[in-house]
Amino acid sequence: MGTYIAGRLAQMIPTLLLIVTIVFFLVYVVGDPVGLMLGDNATPEQVAAMREAMGLNQPVFMQYLNYIGSVLTGDFGESYQYGQAALPIVLERLPATLTLAIGAILLALVIAIPLGVWSATHRGGVIDSVVSSISVLAKAMPNFWLGIMLILLFAVTLRWLPVSGAGSWAHLVLPVIALGTGTAAEITRLVRSSMIEILSQDYIRTAYGKGLRRRAVVYRHALLNAFVPVTSITILQFSTLIGGALVTEVVFSWPGLGQLLVNAVSQRDMALVQASVFVIAVMVLALSLISDLLFKAVDRRINLG
Amino acid sequence: GCGGVPGTTSEDAETGADNEPQTLVWAHSVDPRSMDPQDALQTSAERINRNMYSRLFMRDENMEVVPELVTDYEQIDDETWRFTIREDVTFHNGDPLTAADVEFSIDRVINDETLLEYQFFNQIASVEATGDYEVEIVTEGPMPTLLTLLSKSGSDILPSGYIEENGMDAFIDSLIGSGPYQFESWQRDDRITLTKNEDYWGEEPVWNEVEVRTIPENSTRVSELLTGGVDIIADVPPNDWDRVDAEEDISMQFEDTTRTVLLIVRMTEGYVTADQEIRDAIDYAIDQGAITESLFGGHAIPTRTRAPLGVFGANEDLYDDYVYDPEQAAEIVENYGETPSVTLTASRGTYPLDAEVAEMLTQMLEEVGFEVNLEILEGGSFSDVFSEYTNDELYMIGLADGLLDASYSLVHYTEQRAAGQTDYSNETVEELIAEGNRTFDDERRAELYAEAQALVAEDRPHIPLYVQPGAFGVSDTVSWAPRLDDNVIFDDVIPNE
Amino acid sequence: MAESVTLDSAGTESAPPRPPGSSKRRSWKARLRSIPLSGWIGLVCVGIPAVVALLAPWITPHPPASIDPSQALLPPVGMEGSDPAYLLGTDNLGRDILSRLIEGARVSLMIGVIAVVLAGSIGLTVGLVAGYYGKWLDAVLMRVVDALLAIPSVLLVLVILGVLNPGMWTLIFVLGITNWVIYARQIRAEVLELRERQFVRAAQNFGVPGPIILIRHIMPNVLPSFIVLSTLSVATVIVTESALSFLGLGVQPPDISWGLMLTTGRDYLATAWWISTLPGLAITFTVLGILLLGDWLRDALDPRLGGRS
Amino acid sequence: MPPGHRTLRRDSPGGRRGRQELSLLACGPAAGRTEGGDPAVSTSVQPPVQPAQTESPLLQIENLRKTFTVRSSLLGARRELVAVDSVNLSIPAGSTLGLVGESGSGKSTLANMVSGLLAPTQGQVLIEGNRVHDGRGRVSLRGDQGAQIVFQDPYSSLNPRMPVRRLLAEPLQVAPRVPRAEREQRVKELLDQVGLPESAMDKFPHEFSGGQRQRIVIARALARRPRLLVCDEPVSALDVSVQSQILNLLKDLQKELGLTYLFIGHGLESVGFMSDQLAVMYLGRIVEQGPAHQVLGRPVHPYTQALITSSEAVPFRDGGTVELQGEIPSPLNPPSGCVFRTRCPLATDICAEKRPELTPRESTRLAACHHR
Amino acid sequence: MTAETAAQELLTVKDLRVSATRRESQDLHVVDGASFSIAPGERAALVGESGSGKSVTCFSVMGLLAQNLRVSGGSIRWRGNDLATAKREEIRRLRGPEIAMIYQEPLTSLNPLMTIGYQLKEAARRSKVGRREILEMLDRVGFADPRRIMGQRPHELSGGMRQRVMIAMALIGQPKLLLADEPTTALDVTIQSQVLKLMYDLSYEMGTAVLIVSHDLSVVRKLSDTIHVMYAGQVVESGPTDSVLSQPRHPYTRALLSSAPRLGDTRERLESIPGIVPTPDQWDAGCRFRSRCPLATERCAETPPVDVVADRSSACWHVDQLLAEQKEATPL
């Protein structure tokens, strides 16, 4: 067990290196920030001088080696926009995005599990069709669109909730709904299909055969077995959610990682891009490790190793 | 105003607090990239800095340059100036503001070439504190715009003692100035909070607290205004102007800006736009009036020059004017031989309705026979094209005049600056600008610039479209009128009873 | 085989008549009849946009890009102030929404379908190969998948669009190469299980080469989940395109897509809801159709369901 | 006659030669003597007892061992599970070796190793003198040269998405390929051979009954005319009438094509019916071995004895008893000494100390027991 | 059908018909006209061709038919109440303490994620049986260390162990009727007979009636008192085990018996029934065995009469001829 975790952690290192490398070259290909930094009235000489000062005139490979060297020592460089080390800026933003993403996932699960179960147990019926249509609708609504609609309805017209910004729990409600709805739709479909599969298993019949009530069979026996597929898709959704969070954050002017990353990319702030991607990557990889351990705890048949 | 807590509208907040105005909340669309006052070069940063720092000069509401810290000044010769400053000014940390701080601040911006403001200040050769409250500035050659420059962003006076003691990083975290409001906190991409400077040397500041929020999404910003979450918003999107205005307790406030939306035309050999006639045809084909009327409801002003009215040296004859003659344009295109094909590069959302304008331009050009390849780029790539000089025939951009002086706008028509971008060169224009730049006689200087603009308007290295309006939504809880320089002086905002 | 042993079993008897439902060589009429209602609804929901997209140049009532500011923001017919010439109203530049929807169908469907095909084929191949051959190949491929999963796809999109010219094909390419990892993961997981199945081992026992086992035995069995993934993915891609438009990265004029309409219309949600709601409904309608078609296709491909429910 | 068809063998003297030999080659000097009374071999010539064999056996298993590494729980340590332990067997061409044993005793594992689907941990499997595994975890004999296997569960060994036509054609597409034109014909022949109508070709596996599926699996295994067919419990899930059809079919095919079978089963009746030689496995080891009728008629090992007694259908109400009591051992934690001692009525102290070796009994048989 | 009164009987299945709904064509009857009954404490067996509807009949009694199946005719009387028309809730209450079932597939019938102990407790709860009794039951089904087994999960057990867990689970509630659907297929004969003996003893002690479904005639013979033979959805013959096995009164039963291999069989070939089972689409009112029956005549196309002799019944036109032939041949 301990060795397994150690092994997995060790495996993360090449993956992270791969990520850092991919991102380095991606950002390199996009171009450097000098033009953007100098603004409308810069002269070519200024640009050249700035490049030299930033070490951007060296061959790519040298730049890469230098970069990897400093990353290995935990230094992601300085964000030129903020004039500060990049990593702390990213870490400062992390809680906001995590709150949003976790909120959205929880919401998605709270909606998706009963709906998915409900439509699976009524497969082919009216309820099933209604749930399917709703999930298609939810999937077809981009989250920025939904976000704006929610603001117009709940904040502007009804005045129940604040429009934007972060602060109280009330600020969290709308962005979480906007972000979680699409995920909920996807998880609903998955819960439905896993439950259909599971409900046709022999052990479900055994459970009924004991005289258990339907609710007990469905929610205890069947749902437990849906845990692994549902959790793994939820984990997969997590990195998608961070991508979605970025748009939601803009709509609700939520000061999270997403906005930071978009700005960093469009401002070619390499250090900030790298640091954000790195933090997100570590999170995603850690989650996948945790989920694997969780699976193992639930389903002892899974052989890790 | 109020802090945007649910359920508490502005009214609630005020009644609950002895009717004394407490917090002004206002929102704009872009978060400052940096709060280093000499390294920001952004309207959004300037709007805050202007309230946090003092400068030697300032612009009053009529855009006149008037002394701020300076009590007295003289021009010793063409290149040397001496300034005496107030003695009762202290920084937010209590340090007195002296000539040493002025020297430190100006010295920094004229020497550190990594600062974004450096490019505007490099005509200043040196600065020296000649007494506790006396400073001497020497320029390279005659510099008629020095006082203007000293009122511009980047000329904020920084606390030299604090910075020398604690370093620049510490300063960026604490942002100590000497203006009416002092820095409280900055949640990036969310809000900047300022509080009243109780020891301000001037009139007592109006607000106890000012919160500047960044809300990038247009409709969210408007919604905040509608629900009373904020008192003032900048950049109300044109489609919401009527809606906002129709609200009972909110009004729209418009004002010109110095930002002119124009087409940068590539005149480089090999491009169809190297041909003067083609450039003429493009201008003839464009109905600026239709754009300003249908998209901006008449709040944008058509123009034929980059330097809009209000900027020193602007050519008034070219303002609120445009040439539209589709028949002639069609004729030129027909006689051209082949179908002229142009690429029009624009972005979406960088300026209000920019993509829509580009689409209208496309249709207008196509109607007279051009073949148009419309290319709408994401913000980052759009800026890359500009800074890397990779623009094709037409590139649509909004350029502002940060100095409010035509010398700033006209730089683009000098051969050196145009090389690689428009590749424009006109010896007469070159000479006119150069002479203007060293003339101290304001009247003469303005004439020279106006003449240059008239020539440029015919050569068409740029085809100006319109002056972009500043559109603010203002809640009735406050009274305020916007300024030409797009700045927001918090003390100009007066709470209504 | 004249000397073949005669057996005491069914072989010598004439085969009983086949039950009507299970005949394999059914006439096309019978096949059509066997499509369930939901399948028909799916066909209609996908068919209409598809046909409309094909016929777009001939059936748009107005040129879709033609700007006429004097006709701006007309509501759909039935609402106050509408103009019958513009059935579904106009947008802020006075362009006909219906015509734009018709024109946008082409781009949106192309993006949805081609990007999914691209992502699906990469993901399927990687998933099959990694799952079946395992060992270091699996380890390497899965690390790449992990890495790509961990890098926010927006970054990839931004970067690729920064290098290539924006446009429909670039978008298709970008969405294709950012979406394949999900397939790869899912398919690999199933292959891991399938390769232990007895029919696969039986094929190995015959000496059937690996690639053929993959194609002939394993692929058809991952097809159902592949179809489910793909149909959902079409929705994801169409919607992602619109989110990219939101960031200024999506389809750009003069091309029109539903996603772009949805995005540019969002500023008008409070004043002219139809500009962005109608394309949203078009997306919903199509996605629902694809989903139903997918469900039907999955059932139709399963011989165990041939004939009964 | 299609290539590779060996109908000739039925009539050739070699066709029956297998029955003359005994399959105990690897088991010591006493191996290889046939006793009278076996109807199948009664007419055969007595073979020499000495290892001087005229012909090597078709299948030879030498000292075969297979261990699996298992983990008992999340935090549990890895443990070795010995599924098959020092098994020696051989089957002469044209004859059948029956394998019975407790469930989980390693029969399927053995079958999988013989057919090349599982690599042994130790020892080797030879088919006509060629090694099935190259010793480095890879299979060197496959397809034509190797053994074909009929799995325990016919349904799961048929791809549910393929019609019978393609299922049966598949082995014919492996090099050396049967030309496309002939394939269809061959498929029909195969179906005919196993007694299925031609109309079965377009049906899918789920459309058949269990017995019919089993025949499809057998037909497929026969498609390449394997010399050795491994049948892993081909009939245990079927009702008796279908079961008898399959058994008859296998016997007929053996006669006609001269096939060699390794036949695994639970039902002593059916295994006894099929086999010439019989081996009894318990917890990974062979505990008894010899001519089928002898083993079943006069069992030596107490486990074999128990199997036979249990098979007798004496109603409980008429005093039917259960032969064996005691805990069934776990392969992860096998008892010391004789693995059967926990259930053995004869067990004494020596059984816990010393593991009994497989030693010759009578002239033709082997058994591993301290007491008999 | 035995001529006992309904009151004495625990379960009476009469003319049971189970239909499968199909999407595009008519409903298919998978059981059609099955009748038999079981008295309290009786041990009965259900044998017959694979696919003849044995499992489906058991599931109908439990009310656990697959979603696409339903009882479309006949009655299932449990102590006089018709289960076929009873409410879900009523049947649910019977499951466990009254009727319990051992399922055909022990490998898949246990929830893979729950401990054995939990699953047993769930089964015991309705009968208010405690942990001590559960441990005792595990001990009785042959586990040396019941406490450890309680904490384990199905995949940690061997097939035989799982099957014994299933048996313990079914018996823990001390049901009045135990339906055992091929409870020993995965076991070797020694363990098989151990398990059967256990079922026998428990049935004997607790007075539990048992209906065992099996292909293996030796199993049936060991355990059951009566036997019901099913063919193509119907019960074609019923009677005391010994007499049915020694003197079948239906040609199918006879064919079945003669195709079973025997220990020490010296036959070169086994007998088997020619032809294949008619599919449900081909079922008609006549005798369904007639296409494979050596005795078949034209008359067999009519519904065969139920021939009731003492405690035996069978449905065949040619019982007499059958018996005559048997006299000539050596008895089984």
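As written, the chain order gives the labels A, B, C, D and E, with residue 1 at the start of each chain.
By our rule, contacts are C-beta pairs under 8 Å (C-beta built on N, C-alpha and C of every residue); 3 or more make two chains touch, one makes a residue touch a chain.
This structure is a prediction, so every number in the text was calculated from the model and none was measured.
**Student:** Of the pairs A-E and A-B, which shows more C-beta pairs in contact?
**Tutor:** A-B
**Student:** If you average the Cα atoms per chain, which one ends up farthest from chain E?
**Tutor:** B
**Student:** Need the CA-centroid distance for the pair chain C / chain D, whole Å please.
**Tutor:** The mean C-alpha positions of chain C and chain D differ by 49 Å.
**Student:** Using the average of all C-alpha atoms in each chain as its centre, how far is it in Å between chain B and chain E?
**Tutor:** Chain B and chain E have C-alpha centres separated by 90 Å.
**Student:** Can you compute the centre-to-centre distance for chain A and chain D, using the mean CA position of each chain? Integer Å is fine.
**Tutor:** 54
**Student:** Pull out every residue in chain C that's touching 2 or more other chains.
**Tutor:** In chain C, 8-10, 12-13, 158, 162, 247, 266, 269-270 touch at least two other chains.
**Student:** Counting only residues that touch at least 2 other chains, which ones in chain A make the list?
**Tutor:** 30-31, 144, 148, 152, 156, 250, 265-266, 300
**Student:** Which parts of chain E, given as residue numbers and ranges, touch two or more other chains?
**Tutor:** 156, 272, 276
**Student:** Hey, which residues of chain E end up touching chain A in the complex?
**Tutor:** 59, 62, 64, 66, 92-97, 100-101, 103, 105, 108-114, 122-123, 126, 153, 155-156, 166, 169
**Student:** Residue numbers of chain B touching chain C in their complex, please.
**Tutor:** Within the complex, chain B touches chain C at residues 218-219, 222, 237, 239-240, 242-243, 290, 293-295, 347-349, 355-356, 358-360, 362-363, 374-381, 384.
**Student:** Can you name the residues of chain B that touch chain A in the complex?
**Tutor:** Per the touch definition, chain B meets chain A at residues 4-7, 31, 33-34, 36, 39, 41, 113-114, 116, 119-120, 169, 172, 187-191, 213-217, 219-220, 223-224, 226-227, 229, 378-380, 383-384, 386-389, 399, 408, 411, 416-417, 420.
**Student:** Give every residue of chain C touching chain D within the complex, in rising order.
**Tutor:** 1, 3-5, 7-15, 18, 22, 24-25, 197-199, 201-209, 216-217, 220-221, 301-304, 306
**Student:** Under the touch definition given earlier, write down the residues of chain D that touch chain E in their complex.
**Tutor:** Contacts found on chain D: 39, 72, 100-104, 209-212, 236-245, 247-248, 251-252, 266-270, 272-273, 293, 296-297, 303, 306-308, 310-317, 320-325, 327-328, 330, 343.
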